[in-house]
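As written, the chain order gives the labels A, B, C and D, with residue 1 at the start of each chain.
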Amino acid sequence: MATTRFDDEDPNLAALYADLAAADLQPLWRQRGLLPRTPDRLTPHLWEGRTLRALAERSGGLVGIDRGGDRRVLALSHPDLGGLPFATHTLWGAVQYLAGGESAPAHRHSPAALRFVLAGSGVWTLVDGDPIAMGPGDLVLTPGHAWHEHQNRGEEPIIWFDGLDLPLVRGLNAVFFEEGPDELTAFTPGDPCRSEDLYGAAGLLPAADAPLPPASGRHSALLAYRWDNTDETLRRLLAATGAGHGLVRYTDPATGADVMPTMRAQVQRILAGHRTPATRTVGSAVCVVHRGSGSSSVGGHRLPWTAGDMFVIPSWAETSHRADTDADLFVLSDEPVMEALGLARRQTAASVAIGNRS
Amino acid sequence: MATTRFDDEDPNLAALYADLAAADLQPLWRQRGLLPRTPDRLTPHLWEGRTLRALAERSGGLVGIDRGGDRRVLALSHPDLGGLPFATHTLWGAVQYLAGGESAPAHRHSPAALRFVLAGSGVWTLVDGDPIAMGPGDLVLTPGHAWHEHQNRGEEPIIWFDGLDLPLVRGLNAVFFEEGPDELTAFTPGDPCRSEDLYGAAGLLPAADAPLPPASGRHSALLAYRWDNTDETLRRLLAATGAGHGLVRYTDPATGADVMPTMRAQVQRILAGHRTPATRTVGSAVCVVHRGSGSSSVGGHRLPWTAGDMFVIPSWAETSHRADTDADLFVLSDEPVMEALGLARRQTAASVAIGNRS
Amino acid sequence: MATTRFDDEDPNLAALYADLAAADLQPLWRQRGLLPRTPDRLTPHLWEGRTLRALAERSGGLVGIDRGGDRRVLALSHPDLGGLPFATHTLWGAVQYLAGGESAPAHRHSPAALRFVLAGSGVWTLVDGDPIAMGPGDLVLTPGHAWHEHQNRGEEPIIWFDGLDLPLVRGLNAVFFEEGPDELTAFTPGDPCRSEDLYGAAGLLPAADAPLPPASGRHSALLAYRWDNTDETLRRLLAATGAGHGLVRYTDPATGADVMPTMRAQVQRILAGHRTPATRTVGSAVCVVHRGSGSSSVGGHRLPWTAGDMFVIPSWAETSHRADTDADLFVLSDEPVMEALGLARRQTAASVAIGNRS
Amino acid sequence: MATTRFDDEDPNLAALYADLAAADLQPLWRQRGLLPRTPDRLTPHLWEGRTLRALAERSGGLVGIDRGGDRRVLALSHPDLGGLPFATHTLWGAVQYLAGGESAPAHRHSPAALRFVLAGSGVWTLVDGDPIAMGPGDLVLTPGHAWHEHQNRGEEPIIWFDGLDLPLVRGLNAVFFEEGPDELTAFTPGDPCRSEDLYGAAGLLPAADAPLPPASGRHSALLAYRWDNTDETLRRLLAATGAGHGLVRYTDPATGADVMPTMRAQVQRILAGHRTPATRTVGSAVCVVHRGSGSSSVGGHRLPWTAGDMFVIPSWAETSHRADTDADLFVLSDEPVMEALGLARRQTAASVAIGNRS
C-alpha cells in the first residue's frame, strides 16, 4: 500500500515487531497487496463442456447418492483460488448429474442456489414441497433456507449447472446447514407447481386476500423460469430494438428485483457476427454457454467457446462477447451484492478507452 | 364535530361572526359535518349495462368526433355528488364508444386513464406512438402525460370502460391538458407493440444495456394486459388455492407495484354459488361486471348485477359479492392513494361484526 | 375540454341528453372546465396577522371550550373556495387561541395536524399522553389517529397556527373522528417528553432492543421541533452556502422523509434585500410569516407581508419572496402528496421564462 | 457435508479424482467443512487497551509517516484467521497513532472507514476537503472513495480506533486504492465543517434548493458525531425507558439508515450492576470499551474488560455484557451486510435457551 520512512536495521524495530506479533497485532506499513489499485486478483478461466459432461458421467458410474445432503456435484475450482472449490471469490459454479431413477434427498442451507438445466428432463426439484419440473434451458431457484430435493423420475440422466453464493456466504461466516429426512417427498408428476401457478403470469399477482404461503421477500416469488419464455422474450427484445444482441434479466415478478439478493441471473443473446460492447464492472460472473459458439475477450485474454462450456469473468476485467453462430449465454453474477453494499462501478467501452474508472 | 358553551343570544357574538366572515375566516365551532365519525358520504349505486350500451350507441349516431381531445364518453355521474360527472370522490368511470372507422385523435393530460374493453375489437390505442391492440377483456393503460389516441380500423363498433383518477387530480388542482395534432399517427395493424415486446414476459426484464425508452417510474412499464392471460391466471389461482373465489391484481412487472400510483386494477373471480367475505376499506371502487351474474351487498344495500353492469363501492362500506353463475368483476379502486398517504384501513368480516375499526 | 361536430338543434339530441340525465350519465362533450390546460383555480390570498390576532382574542372572550373535540379555531377560508373553511384545495390553515388556564380535551381524527406557535408559552400538547411543551416558533405534530389535547398551565394566552390535511382527507372521503374523555390527562410540567428524548438527537436513533412504543411509519417519530434548533440550523446553512436565503425542511429523523405523508413543513429564511428565485410547483402552500417583513410575488400578484401574516400560494403559481428585513417564513405545503401520486412538477425561473412546463 | 456410498478402494475412483483435479474440478462429496451446521469459525478474542496504547506509542517513536497512503496503524489480527491482519472475516479493527504535529496525507479507497477517538484532540480529519475536528468519544466517518487525510495541529498525540470493511471488500475483490498528493490540504482550525453545518441538526435537512455537494446516497450525509451528543442521548434514553442499559445507533440523518451500507456503529451503555440479555446474531462485531469496566460472556467465554480494551464477537456467538462500573461500549458490526443480503438472523435469550435458531 505505501512505504514509510524508517530505519529497517534499527534493533528496536525488530523488538517492536516481535512484541506486536505476540500481541496479535500487525503493522499496516508492513502489509503488501492489502489495498491494490484495482481489483485484479483473478484471471479469466474456461472449463470445456465436453470435459465437464464426460467427468460427470464417469462420476455417475462410480459414486452413488442416497441421503439428505448427498449431491453428485463437480465444482469449478478456479486455479487462482488456492485449491478452493470456488469459481470466483463469491460464486460457486458446478455441474450436477443425476442418473435415471436417482434422487437426492432434501437438505437446506443459508447459501442460495439456482440451477440452469444443460440437458435432460423428467426430473423434479421440490422446493419446500412444491414440485418443479426441469427441462433444458429452464432456470430453477432453490433459495436460502428452503428445503430442496431432486428426483429423477425418468430413465435418462440429467445434467445441470449449479450456481450458488456459497463462497460469499462462507466468507461472511453465515453458513447454516441442515439435512432433511432420508425419505423422499411424495408427489405425482403433473401435480401443479404452486409457485408457477401463482406467480407465473406477466403483470398479474395474486391479491392480498388469497390464502398464500407467506412470502419471504428475500428471493423471487417465482421459482421456475421456462426456456420457451426466455427464448421468446429474447426474440422480441431483439426485434424491438433492432440490435444484434440483447440481455434479459430474470426477476422477481412481485418486485422486479433480482431473483436472489446475492445473485443476478441473465441471458445474453448474440446473433452470428455480432459483438457486445466492451464493459467492465466490479463483481464477478460465471458464464454458461447454452447455445452457439463464439469467443469472448476477457481482461485481455481471448476465450473461444461452444455450447456447454463455462467460463469466469473476474471483477473489473474488460469483457466483450462475439458470436460465430447465434448464441445464448446464461450469466450468473454477484452484482446485486456490489449494488447493495455501495461498491458497484461500471465502465463502458468509451470510458475504458480513456482509462477513466470513476 | 363538537359543541361549545356560549350564549347564542349574545349580540357581541353576532358582531364577531360578521367580522370573521368579512375577514375570510370561519369559526370551527359553527361547522357541521366537517369531521364525520367515519367516511359515509356516498351511497352504493349501479348503472345497468344494457342502458349504458343503448345510450352509447344512440350517442354514436348523433355525435361525431374529430379533433384532438374529442372523445365520445358517457360519464357515470353519482347522484350523491351534486351533478358532478364523477363515479366517486376520486374515480371517473365511463363508457366510451367508437364506431367502425372512427378515430379519436391524440391528446394528453396529467390524469391517468385505463380502458377495460367490454365488446369489440379491431381497434388500436396508440400510447406515445406505440400501437396497442384492443379486444374484449383487455386492459390498456394510458398513463398521465402520455399522448394517446384511438383508431378503429374495423367496421364494428367498440365499447369500453374508461377509468380515470380525474376527480382526484382535479380535486388536487393538478390538471394539465394538451391537445395533439388533428392528424392521426400512421401505423400498420400487426406492427409490434414495444411495451408488450419488452415487458410482456413473466419474470424477465430487459437489462440495462438495452436501447430502451426511459422508464418514468410513475406507472407500469407494461401498457396492455390480455384477457387470455388474466383468465388463465385466475383459473390457476383458484386451482392452486382450492377456493371458490380469487382476486388478481394488475401490476407493473418492473416493480410489482400497482399499474398507476393513483389506481389499483384487479379482477375478482367468483364461482357460481360462492360468496366473498365481507370487507370494508378506506377508499372507493368502481366494479365492472365482465362475466356472469350475481349480487353484491354493499353498505347494507343489495345490488343484483349481470354482465355489463357497473357499480360503485363507497369508502368504508362493508361489501360482499355473491355469484349466481361463474362471474368476473373488473375492480378499479383508489387504494394506492390511501396507502401512499397513510390513510389505508381495512376490516374483514370478523372485525366488522364486532365493530372494531382499528 | 373540446368541441365536437354535431347539430345542436337536433331534437334527438335533446332526447338523448334527457335520457342520459335520467340514467345518471353525463356526456363528456358537454363538460366545460373539466380539464383546464394548467392548474389555475385559485388566486393568491393574504390574511393580516393583526386581524387574525384581534379576532382570536375576541373569540376568546366570547366562546368557551370544554369538552373532547372543542377547539377555539378560526379557519382561513379562501374566498375562491365557495365558502368552504379551507385555505387551499388540500390544506387547512387556522389560528387557534387558548387563554390562560384553558384546556382543550382530547380527541383524535384521521386528518393529520401540526401547530406552529405564533406567541405564548406555558402550554403543553399531549400526544397519546406524551407531554410536549410549546413555545414561540416551535413546531408540534399531532399525527393522524393520535389522541391530542392542549393544556394551558400558565396565565397568558397562546396563539398558534394550525395546519391540517383536512380538505384533502375529506375530499378522499377518509375522515374518521373520535372524541376522548372530558377529563384531562394528568401530567406535571417538567415531565420528560418521550418523543424528544428518544428521537431528538441528530444522527442517533434508539436501537431495536430498546423498549419503545411501536413506530407507525406513517409520520415523524419526533413530534416537537424547537425554534432554537431551527434558527441555528438556518444560520449555519446560510453561513455554509454564503447565500442570502436558505430553506430547511422538517423531517422524520428515523427516515429523512417529510413529517407527514401528506404535508411538507419548511422554513424559508431570507436576509434583508434578498429575493428567492421565481419557482412554480404543482401543489399549494400556506405561508406563515414568523419574523420580518417583505413581499412576495405570487402568480403575478404582489403580496406585502409582515410578522403574523398568512398567505396562500396556489398550485402552479410562479412565486418569489423578497425580504425588507431579515425574514423567516414557515411554509406548509402538499408537495409530498404530489410526489407520492406521480403528479409533482417544478419549474425554476429560467424555464418559467421560456414557458417550458415539462 | 455429507457422506456418500462408494468404494474408496476402487482404482477407477482414484483415476477420476486425478482427472477432476487436472480439469480444475473438485467433487463436492470429498469436501469437508464446506457447509457447517452453524457459523462457528472464530473464537472470541480480546486485546488489552494498555498494550495497544503502549505499542502504538513505541511505534510512534520508531516509524515516521510522510506520504499519501502512509498511516501508523496497528491492526487487530485475530489468531484464528491464519495471520491475516483482520479482526473478523469482514471487519478491520486497529489503533492509529498520530504524534503532535504529525500528519497523514490524503488517500482514498473503496473500503469505508470510521474512527472512534480514544484519547487526544487538536486533530482534524479532512474528508474531501471538509475539516472535521476530532476529540475523545467522537465518531468520524471517512466513506468509501472519499479523500481523507489527518492533521495533528497540536502538540499532543492522538490515538483512535479505526474500523473498516476492508476484509469484506477485499474478499469481494472490489478494492480500489489511490494515493493523493504529498502536500496537505490548507485549512485554518475553526473553519466551519460543511457536513456538520448542513446535516448536524435533529429533524432538519437542507431543502433541495440549497447549493449543496451532491449526496452519494451510499453513506451518511453527516460525517461527525460528537460524544457530548451521544452521551446526552444515552442519558435520556435510559431515563425514558427506565432500563439499566440502552443502545443507540449512529444513523444517516437524511435516511435513518446505518452510517455505511457495510457497517453498523452503535454505543451500548450499561449501568453498574446491570447485564444485557443474551443474544446471538449472524454477523460479527468489534467492541471498543470507551468507559468503565465489566465483563462479557461471548460464546461461552468470559472476557473481563476495562476502558481501552477491544474484543471481537464472532458470528452467532451468544453474547451478554455485564458492567461493574457504568460503562459504554462502542460496537462496530457488519449486520447491515447480513440484512441487505437476506442472511440476518437473531436470537434472544429465551430462544437461545431452547436451541431454536429459526
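Operating definition for what follows: contacts are C-beta pairs under 8 Å (C-beta built on N, C-alpha and C of every residue); 3 or more make two chains touch, one makes a residue touch a chain.
Since the structure is predicted, the reported quantities are computational estimates derived from the model, not experimental observations.
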item: Chain D and chain C - chains in contact with each; value: none
item: Chain at maximum distance from chain A, centres defined as averaged CA atoms; value: C
item: Mean-CA-position distance for chain C and chain A (Å); value: 52
item: CA centroid of chain A to CA centroid of chain B, Å; value: 43
item: Chain B and chain C, separation of their C-alpha mean positions in angstrom; value: 29
item: Touching two or more other chains - residue numbers and ranges from chain B; value: none
item: Which pairs of chains touch, using the document's own definition; value: A-B, A-D, B-C, C-D
item: Interface residues, chain C side, partner chain B - complex; value: 1-6, 10, 12-13, 16, 19-20, 23-29, 31, 34-39, 41-42, 45, 47, 51-52, 55, 58-59, 62-79, 85, 88-90, 94, 107, 109-112, 144, 166, 168-179, 216, 218-219, 260-262, 282-284, 314-316, 334, 337-338, 340-343, 345, 357
item: Residue numbers on chain C that touch chain D, as the complex places them; value: 192, 194, 197-207, 209-212, 220, 222, 225, 229-230, 232-233, 236-237, 239-241, 243, 246-256, 266, 277, 279
